[in-house]
């Protein structure tokens, strides 16, 4: 950490700041610049965060040098984390495609979708059972009934299953039924939920918050890992910007940047980020080309009748075509899309 | 709602959309423009949200005309909502100043602060007991022990008390101890928490999310009101933008705009939004001048030693000065700052 | 256009709005909804923009239905615009790679870079000669001397040349020397410059402004086209967001969205958007995979000694490797990267 | 400046970076932290900007310590800059209100407005003569004819006059006619125009760019001052955010923050920022309360017939009422609104 002193800081103020830093366990270096004095402080960033140095008289600002996260950092663990889910992996050579409806609506809808996405090459089926909706008047999800259907669809097709949890109660239920847990964008900084997820054993897909910086996103993953659950998969799903032609702005730069900073797998959700099914296929290809480890795609047998987010859902036919177009792109970056097509 | 058809929409497609709108209970008006056809649909917006019209063949886009909220709307209730808390009101002629530390740290710290802010003219004391922190390594709050201290400080000084809740458990505890419940920015779209808050009777301060539009903020209030709790106080606390000299960008335009759209009281938090104590006094005056009904201000007896957010906390002396400077501004817009100064 | 009347609008107010719309040449449709009246107005959006309807008594808001642009629109011209530059095209099957230094610094630097990028498969060389720098104390460009060098480099290698213009004077000079004109992000709404560019015959690369919506970007292209220059190439180069790990946020969703809305070619600049050379290769592949028609990449023979923007420049070796990795990605989406490698 | 070395940086890499910094004229301090090495470099920030250090092998990142601006800085000049314009000042005790139409449309319109705003207490009249419009099909301004009318209105009423310039040509014309020059938000980083403005003697109102950070805004002022024109007035006019209920988000925190960083006067434009006349009065009061030195307000004798930006214009009656409400707010922060009301 570097403490930048004010131009007009007095010698006493400088001495006081130095003393307090040393009390906090830092080694200090006084650097006299042309115009002002800067104090380099060596030690643990954790201690500095609540240290109050920033408001001491004569201090202009504090410049942190170290990143605030440890466990998620590639410096802490240089090799990629590869997470095993049923018969496939996320974070290695395979591109994991997770597909399915925004919400589980009925047994027929889910079973039909599961079969279709399995045939097209998906590895897991998604389906919301607890829906965080912006309007209290929208469909709120089938809750446990939906979890039962998801588990059934998983058994019938061999697909892995994933659903979003919204609080500790839904988390504890969901771990009984599904293979992967999802934390939605709106809960990325629901720290009590993150701690609870840190205590379960299922792999977690952690969506980036709408207005979360990459640093905050990594800190949210740090919460989960610091609780003991190391199987975190980051999911880029668009950030909020001033642009209105797309629902959010998919930040594909985040994929290689996170890969540079962290060892965790990164997948991309082109459906929620754009809110427009016409953009899902090109952005899926783009995501794979920038280095994503997987995709989370909305597919609905009849988007016009979907109880939520129809406009961004692919039809099964569109999804099949996307998977076909995706295969050569996957190969072009040295990865594989479908491990065992023949089995289907 | 207006359905804009594609330039190349066929007659069959237009007929199908019209038919589906009518099945959904809408009356339709076909408007033939110079270049394209537009269908006006009259009915309830609630029904349209999950209708799937947007993905029907030939539809270019849907333009909603009505606002999605009802209960919070000034059209539904033209007169201001005035909320009684202990011996003062929020939403009327009085400016309600809520002050106190970011976190309850100890009995001494809280009691000292309570006395000082009371003397300076505050009406309520705030203090975090469950802290949503971006780092798992930061101080996480005193939990129930802190609530006990808050209640004590309230009894001792006559101040009303407020604390943030982060989940259903902390909510149910907090209502036993404090006068006002706060929902933090990061939980503004924690819909399960909003529903739970809708079931309690205490007034709620609902902070605007970092990346929440005014519409989403009003929808979050609608969640609470649709659950039965009509005592919602909106709190503007800055939105996330590209600017880095301040922590967030305080959106003071939101105050008169929300007043135009809604009957609910609006207060402003200049401490969290700026992250810089030097900006708190000018922005407090600005908030009152634009029409805010109150202020939420961080005050700490020793900001250098605060366990969280020291840089944005006022010292008691700074707070006293602010209250003195605030009085003429309050008068200049026809309001009153302190109801019964003599009592102190 | 749809005029939404206020809940409390009187009959006289409604009649006045209707009358004024008709005076302006619109045909009107009165739609009586459950709660309020909406007036559909059919006519030319150009007329409405300055009509003052929005401030008439009783009007709540105006909802435009039509897009404000015409010439750039795919509805006006369904087939892609393909622009011929020297021996290659932009907007067709070829991926056009434009490479070179941020600024032309010397003859040696430019010639060396030109040869190297030519050998690696680039089609054009870029080089700033008039530099819009945020600090008045930074290097401001070689001006006409740089243009002479660019022209020389073009002749020597057969590469097309491109440089940024910043005002009418630099534009009129540049058209004498280079094959393509570039309008930088900071000048995207310098409307006087856009009009001047509309009067020249050279193809124009129009960079998206840092805070420009896609609609504003297309309107800027409309300015150029309405002046008579139809050879506009749009260049996505990142938008300003709250994220700080990358310089700007590259909006790759804009590529397929613009392709949907417009017939104009779209290229991508992964260097300026990220400000980080390590992200250039993955985002170049991503850009091609989402459907971009070309790339604008910074290459410098010695990035450590570059007079501007070193951190985002590729070394010639990195650029060569990128071109090799790009070839299979290009093929995987049915395009070709290098037309006539053998010639070099 | 602090150079943070990579965890895995070799001794040779560290030595090379140190050597290069010293070649560039910096004194260096090597700080060995717990995990990594950090090099403090003391010297002139100007030199470092294009130094290439950031891309040297082993360097993780560079953290600048000094602000990049000098002349605009309050450290360079602690007392406020007070600018004399005709019979009033900007930057001192007076609140300078500049009012008038978005565009000069006719002699009648301008003269009528001038008289009305003068009577209400304005000190200067504004009026666009060269209009940067987002659509090529909108009214583009009366150009020199408008300047002549402005000068006439100034002579007739004694008001100072201000107009926006868009390039060197309009600047050179405008200085012949008006008292104050305005640089619009879209030209805040039109560096060639800033340099030209640096060479004239008239005071300049420099609007903040829609996506400009405060640092970039101050750098733009630095451009003008480094050219020799020290009479720069900064004008906050809203920044682009995700919020759509207001046209832009007025950043009132920028007023006290800029006052902290710089000695230059700051005024506020509540009309363009909100795009909604109903918000102009409350935000004008808020601007004065946070410490602004003046206001720039759109007033039109008949907003419904304004050729541009009608929805944000006040009627003369509304403006008169605003000025009356503004007087007590001005007093409440120790300033004066109207110097010599009796004269009118």
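In this document, chain identifiers A, B, C and D correspond to the written order of the chains, with residue numbering beginning at 1 in each.
Everything that follows uses one rule, which is that a residue touches a chain if its C-beta (ideal position, glycine included) is under 8 Å from a C-beta of that chain, and two chains touch if they have at least 3 such contacts.
Note that the coordinates shown come from a computational prediction; the quantities given were computed from them, not determined experimentally.
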- Going from chain A to chain D via touching chains takes a minimum number of steps equal to 1
- Chain whose mean Cα position lies farthest from chain A: D
- Item | chain A and chain B: spacing of chain centres that average the CA atoms, whole Å | 27
- Note on the structure: The distance between the C-alpha centres of chain B and chain D, rounded to whole Å, is 31
- Provide the list of chain D residues touching at least two other chains, using ranges where the numbers run on. 211, 240-242, 244
- Query: Which part of chain C faces chain D closely enough to touch in the complex?
  - Reply: 46, 49-50, 52-56, 68, 130, 132-139, 166-168, 186-187, 189-193, 195, 209-211, 216, 219, 222-223, 226-227, 240, 277, 302-308, 310-311, 313
- Message: Per the contact definition, I'd like the list of chain A residues that touch chain C in the complex.
- Response: 211, 213-215, 239, 241-246, 249-257, 260-261, 273-274, 276, 278-279, 282-283, 285-291, 325, 328-329, 331-333
- Message: Can you tell me which positions in chain D touch chain A when the two form their complex?
- Response: 2, 4, 7, 29, 31-35, 38, 40, 42-44, 63, 65-66, 75, 240-242, 244
